[in-house]
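Below, subunit A partners subunit B and then partners subunit C, in two separate complexes.
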Partner chain A sequence: MAGYEVATVRPARAEDSLLRRLRRSRTLPGYLFLAPALIVTVAIMLYPLVFSLQTSFESYQLARPEEREFIGLDNYLWTIQSPNFLNSITVTLVFTAAAVTLEFLLGLALALLVNREFRGQGLVRTMLMLPLFLTPSVVGLLFVRLYYPGDGLVPLFLSLFGLDNNFPLLGTRATALPAIILMDVWRTTPFMFLVLLAGLQSLPQEVIEAAQIDGASPWQILKGVTLPLLMPLILVALTIRGMDAFREFDTFMLLTGGGPGQATEVISMMAYILAFRAYDIGRASAVAWVILILVLIFSVFFVKKLRDMQMES
Partner chain B sequence: MTTQRRNVGAGRAVLIAIALLWSLFPLYWMYSTAFKPEALDRRVPPVFVFQPTFENFERMLRATPFLQYLKNTLIVAGVTTVAAVALGSLAAYSFTRFRYPGSDFLPLAYLVMRMLPRFVLVIPYYLLMRTFGLLNTHSSMILAYLGFALPFTIWMMIGFFKEIPIELEEAAMVDGGDRLRVFAQIVLPLAAPGLAATSIFAFILAWNELLFSLVLSGRDTRTLAQLPLTFSTDRGTEWGMVMAAGSLTLLPVIAFALLVQRHILRGMTLGAVKG
Partner chain C sequence: MQRISRRRLLASGLVLPSSAYLSSAGVLPAAPLALAQDAAEATLNPDVTSGKELYLLSWDNYKATGMETWLPDFEQEMGGRVVLDKVASNSLQDRQIVSLSGRTGEYDLMTVDEPYMPAFSPYLMDLTPLIERDGFPVDDWVPIMWDAGVYEGKVYGIPFDPNVQILYYRQDLLDALEIPVPTTWTELYDAAMAAQDRDNELWGMAIMTKRDPQTGINLWTFINAWGNEMFDENHQAAFANDQGYAAAEFFKQVADNIAPAGHAGYDYAGISDAFATGKAVFMYNWASNTLNITEGELSVVADKVGFAPPPGEERALSMRGVWTMGIPADAPNPEAAWEFIKWFTTQESMFKYIEGGSGKSPRLSVLDSERFQETSPDSEAVAATMKIAEERPIYKEYEEINTQLQIFASQLTAGELTPQETIDGLAAELNAIMQAGGYQQ
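Let's look at the complex of A and B:
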């Protein structure tokens, strides 16, 4: 049908060959397919980033935009000397390291538990992965309820062991961060579980059977065979989860808003407070850029790793 | 030997039951609180058996702007999904079928963009949207959401396009079809399941987004992810109502997650792991 139309309204010969050459070219259509996404990317990623780099060198108060002024590296000097920044970096790293480690160990345990074939395996997998998708702010609110002093289920459970059920878990310096870590472990362990389960199921069965015949204990097999074989996958999973934990914002906003004091003020919280509560755009941009550079260095390593993996498969 | 194996099986069953309890109980508690009569919510010890009621939902719909937020969320997440999937699949097709300067580097650049912390972008977004008079509009949020949805859809679709045998397209090209027609009539139908899964993931991402929504929206454009922030959580909080709002917000996400679980691994690891 369409073929006929093209044939009847045939353009002039020179045009025809040009048009055909364009359509057959290996390069130009590639760019044409890419162009819409690339234009949007320049507008919503590149341009805002350059703009933010510019503001990071300025004294810029949100309330007085007309008094913007170039101040060189002052914002960066303030950032790296600021005790707030040091605190935020520390809190973020503690949160990320603790959450990701616990999630890895728990996820590995769950994956080993579910790995062997049994009836209902698919259903169990589905139910274990569910928390991963839930709206983080709603999960945050749910855990505010679960941690609520007096009648929250967690304090009530702890009171079985002799603790005061009126103890404010989220309002106390020593317990606020661990409480958020626990929530994060609940919410995102499924990520580790799913990745490791897929890894376990893709392992060559013969290698493990050979080890069993040689009389290796399950623990020896895990340490000597399974984990080394899964190592590239584990690195990728740890990196993705680590980067996501590093920038976590929603649940902190809901559970503590950074408090008490600054005990849970992760770096995303600090930038948010600096920009939208203290209205100091210049310093907030500098903080953002310091983090951006760290993240860039880290993701270059990650991207390399990921590319190696994709080439193997 | 047999007894030992059965024992191990029973032990495993118990452990799996504990894992399921850990995973599902908080969710159960949310829905249970939503259906619990308000008077029973604050009882100590907590009440597990009760006559379920819809009164929390009715009260919540009257007392909160849930429906307005829902409308905004549907608009923003819907348009973001359509735009990200359209632009993303065109770009992914370009990356998987053509070689040109940048065809190796750009996909990796999108991977790095996927890792960018949202808070780095939210400050310039706020300033730029304010300059262009776009604060408190759906457009500003859709543009910002595209920033994280696009790298995601590109990488999902790269995986799906790679699985389509290139010979089919070559045959169609020889028959005289041009690139765009081959893409629309041959590649897209073959990639339809992947397209559907990618759309659902992009929709969930947009549905769940808090930070961009918080900063860019205003009175008329707030989305459901923000609703939890509007509840005060002091002594007098009506938790039944709060949980009713939360459980309704989670409903489509849970439904969609069940739909796409076959592709979850690919979605979470950007193609590094095939599920």
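Let's look at the complex of A and C:
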């Protein structure tokens, strides 16, 4: 009998205890309030990821939905062996390296220049940040006009130096990618500027003052004090911009469509063409996952570097 | 202005092959075609549309702008309401395939450009039974234009806006030099060379060469005009030969010598604007550009322009480009959507479509009317061009094919590839696409 009593009483106690604990819990309401947003976020972020991972292992063409089948790693093998992949990854890396380096150097120079008290500093800073508020598609359309042969402002300006104002800056292999890099530098240098200016303003002034008292030149201060102190922020900024530049798509599509030939066909465009021109979702998903893996490797490298620096400091 | 004779259209030979095809598909009766002016309309049934709200996915350009001015008539006449969802033209097809393949059921109707019909067909309603049930006046459609909505014997879209590429020329400049309107590409090239003034930015021919669908279409045009077909009956690329090389060589010469300097930077609108602003002697372009030339705000050549069918070389031809109205297979209101299509393609609606500046009509009775000819200064050239219009490669892989055409054409005109490398490389890529699609063994 006693056994039966135990069996009936214990769950009641456990239930009672659980309810009591839940009632007393301070974190539960927080989780409950977060739950709807969390569920939606996970659904929105996770479902596409899982779906694209699944389709990357399938032969799945939208124009032939009835022929969908599992094909293992074939799409990944095709991607790696495709000459288009080699071309587009090269274009992407050149673009990313050139654009982010220029943006960093310009952003740093501007931040150093503006990091002082002067009349109209608010206006100057606001003006410098303006391009950041424009969407990539708007910037793309703007630069299509700026580069337009004949009456575009850029060719007209270059004609002052002897270049034909009808020169198609976006139409030749030699100039198309540099023209897009220039556009990207104009658009996203303000981001670097903003981050680095915030970093400069948060640096401990006593360290810089100490260096000045010790007779260090401005260049020595920059090299030996400012940049090392800014390094964690620089790494964060380079990581964010690097990942963005690696996935750049809109402006390439608007300015050159990947041409001339495939001279400006970046990796995101390759995925787009596969998905929306060839309707080959399987291969497009495989390319998208390769992009994700490459961006992950890139960001893990920078994050590790950042962690090492924090450990050292 | 010379009136187009429907009899001329019917007699031109473009009717019979197509109608025979449609007859075999069960769409057209085998009996002789009725004269278009007697064309009846399918009976409209406002009971089906009354109170319904139909969502129509459409281009966001002059076509939709024109339609918006008279679509409210649908509510008055049929009791239903049409909500236009306008999408930028360069992303319309993306939106369509996402919506269709996702089976979202968000649209009752879609305007579908003909090259996408094969790829979209798994997701569109087969309209053939409705056409037969309601006695839809198929025989009033220019047959080759009707074909644009047909894939593998089934009708997936009702053509409502046919387009062909015609030759625009500066009548005043040719008259001053006593040069006749060219009928071959070589004649056009010579005339352009004679009439252009490159130092003063008057180019021989407004044409674009950047990587763009239109550049691919230009290469397609030259390859075909030089006597080739893109594919043979075994789906093999059929243009890697001397005529193909000559066609590519001609395109390169056009780019080098008579196209605007900076042609590789021009976009589609820029080409039309260059001609409209008096910067080119010739333009070979879609007839939908006519309004920009004759009534556009920028135009300075409205009273100086002439229209002609496309030049030939080995043969004269124009690419056919037809917009059709389709119903997604998962449309919430398919019957009401069908009633809308019937209403939208009546003669009266078609006139409103044309007069709203949206385009032309594929209906013989409309094309043959004085009302149409008064509205469209290019009507004679368009009618003549419809006779020689040719369809693009009807494959689900059309976009892949055109992407390769764009890539090779832009490399050819940029001087990165020789004409022979262009043609051979293009043929190899197209064969690879055909092989991957399972067309070639």
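Here is the rule we go by: the second predicted complex is superposed on the first by the 269 of 313 C-alpha atoms of A that agree within 3 Å, B and C clash if a C-alpha of one lies under 4 Å from a C-alpha of the other, contacts with A are read in each partner's own complex, and residues count from 1 in each chain.
Everything that follows uses one rule, which is that a contact is a pair of C-beta atoms (placed from the backbone, for glycine too) under 8 Å apart; a residue touches a chain by one contact, two chains touch by 3 or more.
None of these values were measured; they are calculated from a predicted model.
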Inset, instruction - Using the overlay on subunit A, decide if subunit B and subunit C clash or can fit next to each other. - result: clash
Inset, instruction - Please work out whether A:164 is in contact with subunit B alone, subunit C alone, both, or neither, and reply first, second, both or neither. - result: second
Inset, instruction - Go through the superposed model and pick first if A:82 touches only subunit B, second if only subunit C, both, or neither. - result: neither
Inset, instruction - Could you look at A:40 and tell me whether it touches subunit B, subunit C, both or neither (first, second, both, neither)? - result: first
Inset, instruction - Please indicate which partner A:147 is in contact with in the superposed arrangement: first for subunit B, second for subunit C, both, or neither. - result: second
Inset, instruction - Considering only touches as defined above, state whether A:59 meets subunit B (first), subunit C (second), both or neither. - result: neither
Inset, instruction - Check whether A:51 is in contact with subunit B, with subunit C, with both or with neither, and answer first, second, both or neither. - result: first
Inset, instruction - Would you check which partner chain A:256 touches, where first means subunit B only, second means subunit C only, and both and neither mean what they say? - result: second
Legend entry - Residue contacts on subunit A - larger count, subunit B or subunit C: B
Inset, instruction - Considering only touches as defined above, state whether A:173 meets subunit B (first), subunit C (second), both or neither. - result: second
Inset, instruction - Kindly classify A:276 by the partners it touches after superposition: subunit B alone (first), subunit C alone (second), both, or neither? - result: both
Legend entry - Candidates 1-9, 91-99, 109-117 or 127-135 of subunit B: the single one with C-alpha clashes against subunit C: 127-135
Legend entry - Touching both subunit B and subunit C, residues of subunit A: 144, 148, 150, 276
Inset, instruction - Flag every residue of subunit A that touches subunit C in the complex, lowest number first. - result: 61-66, 144, 147-150, 152, 155, 164, 166-173, 256-262, 273, 276-279
Inset, instruction - Would you pull the subunit B residues touching subunit A in the complex into a rising list? - result: 12, 15-16, 19-20, 22-24, 26-27, 29-30, 33, 42-46, 86-88, 90-91, 93-95, 97-100, 103, 106, 108, 110-113, 115-128, 143-144, 146-147, 150, 154, 176, 178-181, 183, 204, 207-208, 210-211, 214-215, 224-229, 231, 233, 239, 242-243, 246, 249-250, 253-254, 256-258, 261, 264-265, 268-275
Legend entry - subunit C to subunit A touching residues, read off their complex: 93-94, 97, 101, 118-120, 122, 201, 209-212, 260-267, 270, 396-397, 399-400, 403, 406-408, 410-411, 414, 416
Legend entry - subunit A - residues contacting subunit B, complex: 2-3, 23, 26-27, 29-34, 36-38, 40-41, 43-45, 47-49, 51-52, 55, 110, 113-114, 116, 118, 124-138, 140-146, 148, 150-151, 153, 156, 165, 186, 190-191, 194-195, 198-199, 233, 236-237, 240, 243, 246-247, 249-250, 253-254, 267-268, 271-272, 275-276, 281, 284-285, 288-289, 291-292, 295-296, 298-300, 302-303, 306-307, 309-310, 313
